[in-house]
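A, B, C and D are the chain letters, set down in written order, and residue numbers restart from 1 in every chain.
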Amino acid sequence: MILPYFIVIPLLAAFLIPLVSRRRDTGAVVLSLAAVSSLLVLAGLAFSGLGGETLVYRMSAWKLPIGIPLVLDALSALMLIMVGLIALTSLVFSVRYIRRLGRDWRYYALFMILVTGMNGVIITGDLFNLFVFMEIALFAALALVAFGGRAHEFEASFKYAVMASISSSLILLGIAVVYGATSMLGLATIAQSLADKSPLLVLWTGGLFMAGFGVKTAAMPFHAWLPDAHSSAPSPISAMLSGVLIKTLGIYVLIRLFYNVLGAPPLFLDIFLGLGAVSILLGNLLAIGQWDLKRLLAYSSIGQVGYILLGMGLGTPLGMAGAVFHMINHAVFKSLLFYNAGALETALGTRDLRQMGNVTRLLPITSGTSMIASLSISGIPPFNGFFSKLMIIIAAVQAGQSVLALVAVVGSLVSMAAYLKVQRYGLRGGRPVEKLVGEVDVAMKAAMVILAVLCLATSLLVVPAVREATLDPVVKVIMDKTQYALTVLGK
Amino acid sequence: MTLYALCFALFLVGLYGLLTKRDLIKIILSSGIMGYACNLMLVLFGYRRGGVYPILERGREAGPMVDPLPQALVLTSIVIELGVTALLAALAIRLFQKYRTYDITKIRRLSG
Amino acid sequence: MPIETWLTFLLGFMILGSIVALEIKDILSSIVAIGVVGLAVSLAFLFLQAPDLAVVQFLFEIFALIILVRAFIRKDFHVMERASSGRWIIGFTLIGLAAVFLLSLKVFRVLPPFGEPLMETSRYYLEHGAADTGAANIVAGIILDYRAYDTLGEVTVLLTAILGTLTVLRFRARDGKGGGR
Amino acid sequence: MTDKPAGMTLIIKTVCRLLVGLILLYGIYIILHGHLSPGGGFGGGVVLALGLLAVLLAYGREETLKWLRLGLLKDLEHASPLVFLLIGLAGTAWGGAFLANILSKGRLFALLSSGLILPLNVVIGLKVGLSLFLVVLAMAEFDLDKGAEE
């Protein structure tokens, strides 16, 4: 069984790194690259070999209500692929980028722990275990946000830590109440047990989880920590945070809990819709006002998460397919945009759009890939963002929510404006740049090109044949709702 | 029932502190209070009237015992709390070193 | 006295202590107050028949106090500045939290009453724990056998927190602005 | 905490030397009896850390680190979670599942019983004790006043 290795491999790398590296970071780089690429391969194999089945692994050889199960279904396999992919490119991008902060093995150790935490959240079938691995990912993210060692990074990290602490406490309280009511901790057993408990209980714990994981998702009223944290972190880490962390700790857990455990109560779907609509409008609008490139990207992440929430809230298979599709797409193009920002920062020494200038000639790869990413995120065909947004909008119209469809269209136009601003000032501005202060090395370029190619390649997911093999099993897992519990319990 | 409500009240005191206090130290303390409340809530849910602690002893009758599972969970949670406290404290003293204040609004103003 | 009375008293004391810790102006008193609350939690664990937790809570509380005192107590710096938000924010927060409190009272009535847990899973641990794991301490059996995976996570959390703390405290500041040496 | 590198007075040093041994022994006792009595790796680890801190308080940093060998402590701290993981992997190899309890369960109430719980407790105790000690050490070394007015 390959299931525990999704945890063991990154953890082994994280624990070995301090022992193998002293002054140099070569050992750490090699180890973490090896670990992440094997994770990606494993995840790919798992997804293709799964064929719509669900694998259950018993940790410590104890069966479900007693021990902790690991569960791998199409949804978790897809998430694992996403994490592995972004982690790999992010590491490739990091090697040179992070050396200007010193050759520090801690970065790689923390990075591997971050990956461990996310994989752990994705693969676990136990509520409390999910909490533990969420904390692992959060601690690693906090340390990495503060990694640069500048005062504003500490400030961002502190703010993030406070918000994380609030949300974790809410979640822990929710777990406590669930345990008090059902005396169960496995997701599958809770799903069965809660089904015949008082609806008040579902409402209350649902509210706690919604607030707690809402903060992790950074949907609009809960977004306060995100712009600081995501813009202060080193660029490859921003890509990890915006690209996958908010999705694993936020979106994925929300889907699992509210669809597979609580059985998609209509009230909470409406809340998803509301959060989504507000996030789309305000997130994208606030993005336009920013001059710091990474802050702009961070605010835009809030807007894009809004689309995913909107798709989730519709509760139709098409909407869910759009949400999952957009989640993958956003991981690809937002990470790419953060790499672009990192490359620009390395080359120009600034993140302020007004200080940048005409760099299309000096940095052809950076500006080319950022053009592709901007087109994708604004929803221009034939790039991936267009198809996922289109799916969500069509699903909204089909579900009779034309107002929300309109909101999505308007949000898309607003985000296009924000990225026009990036292109106009950041890359094609009038301010002539004569000399670059730093060099964008091959590894950085490679990371950017890989993701730029993926921006086009993931569009293929919309082709019916490909979609049947990839998105449809995932959507089936989600829309089968509490069928998840029966599958995991082997009934 | 009263105990649950009181425990929840303790949780809300912590939440109140986190939402309104602007002093880094008090924010750290508030997060600790919320942690206490969560832990206590879990153990309250596991108490069984007349039960003894879940450790077998030689020569003692195996009477009813309290629920051991919440205790195992809270053990984990206590460790996590300490981790949060250490990390927050480290960040706070770095911030103090730079700005010479623990007031988060002043820090925000100073950093622009 | 029944255990409820003791616990009600302790919880009231904790709430009071927390409010004192939050509202008092002197840093040292504030930290000491939170320490006392932590010790009260430890005492409550003892009442609730959780000696494992009482020991660990007590020791970790001492440690948290050492960290907090070391981090924040300075010879020349004792009294806090104006440490709260404006009156409006406090008012709205209080009203909001009070509303949440009143609304959730009903939920606690739905839960199993105090002293009568369902224990659907835990019954197994109590009946088979010693035979399955060989440990007389059933809590130890749970954290290191039935749910050892959680504990692996817990060790990793601790490792990460320590690594993070050391990263934050490491001496050389990166751009000269961050302070440090 | 350690204003003077020389540490405290002779009386405190002597008392401390006597006490430290006891504290450390007690910590080890708690760790080893984790499967039989309250405490275990987490509690015992903190006691260990407190013992080491008492040394630090009494003798000051210089002298403490002379016989504690910081590098070794750090290596031990880094290696202990690795041991945990390797024990878990041994479970996959011989017990059929990750972290399965593969050793013999022994007789109830005996010190050498309960299979892997004892070694895991030792690993956890080591990890908790050393990492908490290292954190407080780092905080004690951290100087708030240096370079703050830049």
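We take it that a residue touches a chain if its C-beta (ideal position, glycine included) is under 8 Å from a C-beta of that chain, and two chains touch if they have at least 3 such contacts.
Just so it is clear, the model here is predicted, and its values are computed rather than measured.
Undergrad: Specify the chain pair with the maximum number of C-beta contact pairs.
TA: The largest set of C-beta contacts joins the chains B-C.
Undergrad: Taking each chain's centre as its mean C-alpha position, how far apart are chain B and chain C in Å?
TA: Each chain's C-alpha centroid was found; their separation is 2 Å.
Undergrad: Quick check: how many Å separate the C-alpha centres of chain A and chain B?
TA: 28
Undergrad: Could you grab the centroid distance between chain C and chain D? Build each centroid from C-alpha atoms only and quote it in angstrom.
TA: From the centre of chain C to the centre of chain D is 22 Å.
Undergrad: Would you mind listing the residues of chain D that make contact with two or more other chains?
TA: 36-38, 42, 81, 85, 88, 98-99, 101, 108-109, 128, 135, 139, 142, 144, 147-148
Undergrad: Show the residues in chain C shared as contacts by 2 or more other chains, in ascending order.
TA: Those would be 51-52, 56, 60, 63, 67, 71, 104, 111-112, 117, 119, 121-122, 125, 130, 136-137, 143, 145, 147-154, 156-162, 164-166, 168-169, 173, 177-180.
Undergrad: Which parts of chain A, given as residue numbers and ranges, touch two or more other chains?
TA: In chain A, 11, 15, 59-60, 128, 132, 135, 139, 142-143, 146, 151, 154, 157, 177, 180, 183, 185 touch at least two other chains.
Undergrad: Which word fits how the chains touch one another: line, ring, star, complete or other?
TA: Its topology is that of a complete graph.
Undergrad: Any idea which chain D residues touch chain A in the complex?
TA: 74-75, 78-79, 81-82, 85, 88-89, 91-92, 95-101
Undergrad: Using the touch rule from the top, collect the residues of chain C that touch chain B in their complex.
TA: 3-4, 7-8, 11-12, 14-15, 18-19, 21-22, 27, 30-31, 34, 37-38, 41, 44-45, 48-53, 56-57, 60, 63-64, 67-68, 71-72, 80-85, 89-90, 93-94, 97, 100-101, 104-105, 108-109, 111-117, 119, 121-122, 125-126, 129-130, 136-139, 142-143, 147, 150-151, 153-154, 157-158, 160-162, 164-165, 168-169, 177-180
Undergrad: Considering only the defined contacts, which chain C positions touch chain D in the complex?
TA: Spelled out, the residues of chain C in touch with chain D are 51-52, 54-56, 59-60, 62-63, 66-67, 70-71, 74, 130, 132-137, 140-141, 143-145, 148-149, 151-152, 155-156, 158-159, 162, 165-166, 169, 171, 173, 176-177, 179-181.
Undergrad: For chain B, which residues are in contact with chain C within the complex?
TA: Residue positions touching the partner: 1-10, 12-17, 19-23, 25-26, 28-30, 32-33, 36, 39-40, 43-49, 51-57, 65-69, 71-76, 78-87, 89-94, 97-98, 101-103, 106.
Undergrad: Looking at the complex, which residues from chain D come into contact with chain C?
TA: Spelled out, the residues of chain D in touch with chain C are 1, 30, 34-40, 42-43, 46-47, 49-50, 53, 77, 81, 84-85, 88, 98-99, 101, 105-109, 113-117, 120-121, 123-124, 127-128, 131-132, 134-136, 138-140, 142-144, 146-148, 150.
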